[in-house]
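Below, subunit A partners subunit B and then partners subunit C, in two separate complexes.
The block that comes next holds the complex of A and B.
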């Protein structure tokens, strides 16, 4: 498995998805950029991100988990773990 | 019969987004067909956070941007708790609701977009407008056939007179009905927004307006004179644009107005299909955008088949063409 891929979740693919949802260039979605503070993501957009993650990876993200989607790296870890146990 | 009137508003900015209409000066033209691609959201609303909004909300936000920009920075200089919005809708959310219903039936409620699902509540259009412009005074949604736009003006005038607001965005927004909802061509799409303030000496860039309302019971439409006479008043403006359908109320109003036609210019505007509320406010805007060399009185009448009447009386200030930078080339 490459460094960009955990449990079938490609980091670059995930970066592209988040960039699309946040309407930002891919380059701005760095691994550690904070969605709320660095990328000005509000709660509604965070929910949109969660819905798109659920659709693409066929996982379930509970409402309470949405606040945990703080950066690309974190999202990658959370999604990968869910995909692994799905 | 009771005719309800409120205070006057000054109109200081105007913006319109509608198919076939490039600006307030063209607002007296009939709406064009809402062909795919007529509205370019990426041009009208550059930036993030708009893509997933319902189209009607985008029209409203785009028209409001134009109106606020047209008035300079007056809106942003008004304290937030004195900024307000009154938004007229009628069919605005109908096609969206149908789409959301289909999503729920076919894929389940969990598939609804978090960005569009709040618009199940029709007040969400005005709420989003408030978020856009930092409005914390109040926002109101007026939902009625044909007359809602003029009623929104009346509500704004009342709020301004009561001191509740010093700047009000008064808008009307509609979205084309879906093929299954539409009974024929011609349902409205687009938005018109007037930036209004208290009518104080010298601040009425386009003019001032006041709105009166009345009720003509459909089964008593034959007695239109008893209602329309007091509503229009003893000294009607030189031109009256009347948005009327072919209902008993609309027909009675047209007949009554015909009596004025030898002394006043009466323009009968066919009512939009399925009672859209954009046309009357669009007429107000178009009349305010006309150029005159002296203060000129104009009016717009709207009537619903259910009997609701709204009459907006305008005093258009003398002005000539708007320059390319948005400033009047000459104000008399």
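The block that comes next holds the complex of A and C.
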């Protein structure tokens, strides 16, 4: 088992989802790249990411939580925690 | 000539809140089927789906789609669906009532004793004008290309007093509304040969979720309640009724206007 698995949320799958929403090559979605500052994600794109995360992982994200979706690593932690408690 | 709406279709952008939501109900009550577009997280999406059900109980079809109105992909996905649902005819009424943008000033401001609030960024300004202004054009382009804007269709775009006036913390949206009004004029002229009317609706101050997000809106609400010659604020139902009334005709002669639906508020501000 790779270290990429937390509660069934595959890091690479998540990376691919974010890359697709951001229309960027997966290589640019490093674990720590800051969505806003490094990848030029605006609030609307962040909202698109959130909607896709909700859909794929069947979780709920509050509007106030969108600003905490800062990097792949952070999103992975947040989504994993939500999937675990879902 | 008066033409009943029963059995026709309306396409509403921003159907889950405010003016779009109220207009969907008023059109459904008039027998018009609804295709609604909204963009919400899970909780809002569930509420929207519930709302679509209540519209369905009025005896019409109501199909809601949770999509980013400004994304090309959304148009690619939905335009064929609109064609199928309307049996290739297209919607009789199109309403653009989209509130998603950055509320800030153009220049940095001091927020009381707190840190400086930065001025609008290029990205914020571009996004706001794109979502609340240009998206109308892109949807109409694709719908016209698919021959889904029939003769007699009515296109409405929600503008606000901010399209021509200054409201604190509203600058990017002001730009979007001014842009939207310009698009309405040009679309009115370009669609006139097709017998399609395009108008902007300038609602008076209305307590909607979008208004409540504007910094200092409580002051604006109190002021407008005070001065509105009709003695109250505008309600979403006022706008909905106006849109239904303006849609019940096959005439395309009322076009290219900014129509105030405000009880005379703008005349006395």
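Definition applied: the second predicted complex is superposed on the first by the 85 of 86 C-alpha atoms of A that agree within 3 Å, B and C clash if a C-alpha of one lies under 4 Å from a C-alpha of the other, contacts with A are read in each partner's own complex, and residues count from 1 in each chain.
Note that in this section contacts are C-beta pairs under 8 Å (C-beta built on N, C-alpha and C of every residue); 3 or more make two chains touch, one makes a residue touch a chain.
Keep in mind that this is a model prediction, so the values were computed, not measured.
Once the two complexes are laid over each other on the shared chain, residue contacts for A:61 go to subunit C alone; subunit B is not touched. Once the two complexes are overlaid on the shared chain, A:48 sits against subunit B and subunit C alike.
Of the two partner chains, subunit B is the only one touched by A:24; subunit C is not.
Taken together, the two structures place residues 40, 42, 44, 47-48, 51, 54 of subunit A in contact with subunit B in one case and with subunit C in the other.
Taken in their complex, subunit A has these residues touching subunit C: 40, 42-44, 47-48, 50-51, 54, 59-63. Interface of subunit A with subunit B (complex): residues 22-24, 40, 42, 44-45, 47-48, 51, 54-55. Only residues 48-49, 51-52, 110-111, 113-115 of subunit B touch subunit A when the two sit together in their complex. Those residues of subunit C that touch subunit A in the shared complex are 39-43, 66, 68, 70-71, 100, 102, 123-124, 127, 131.
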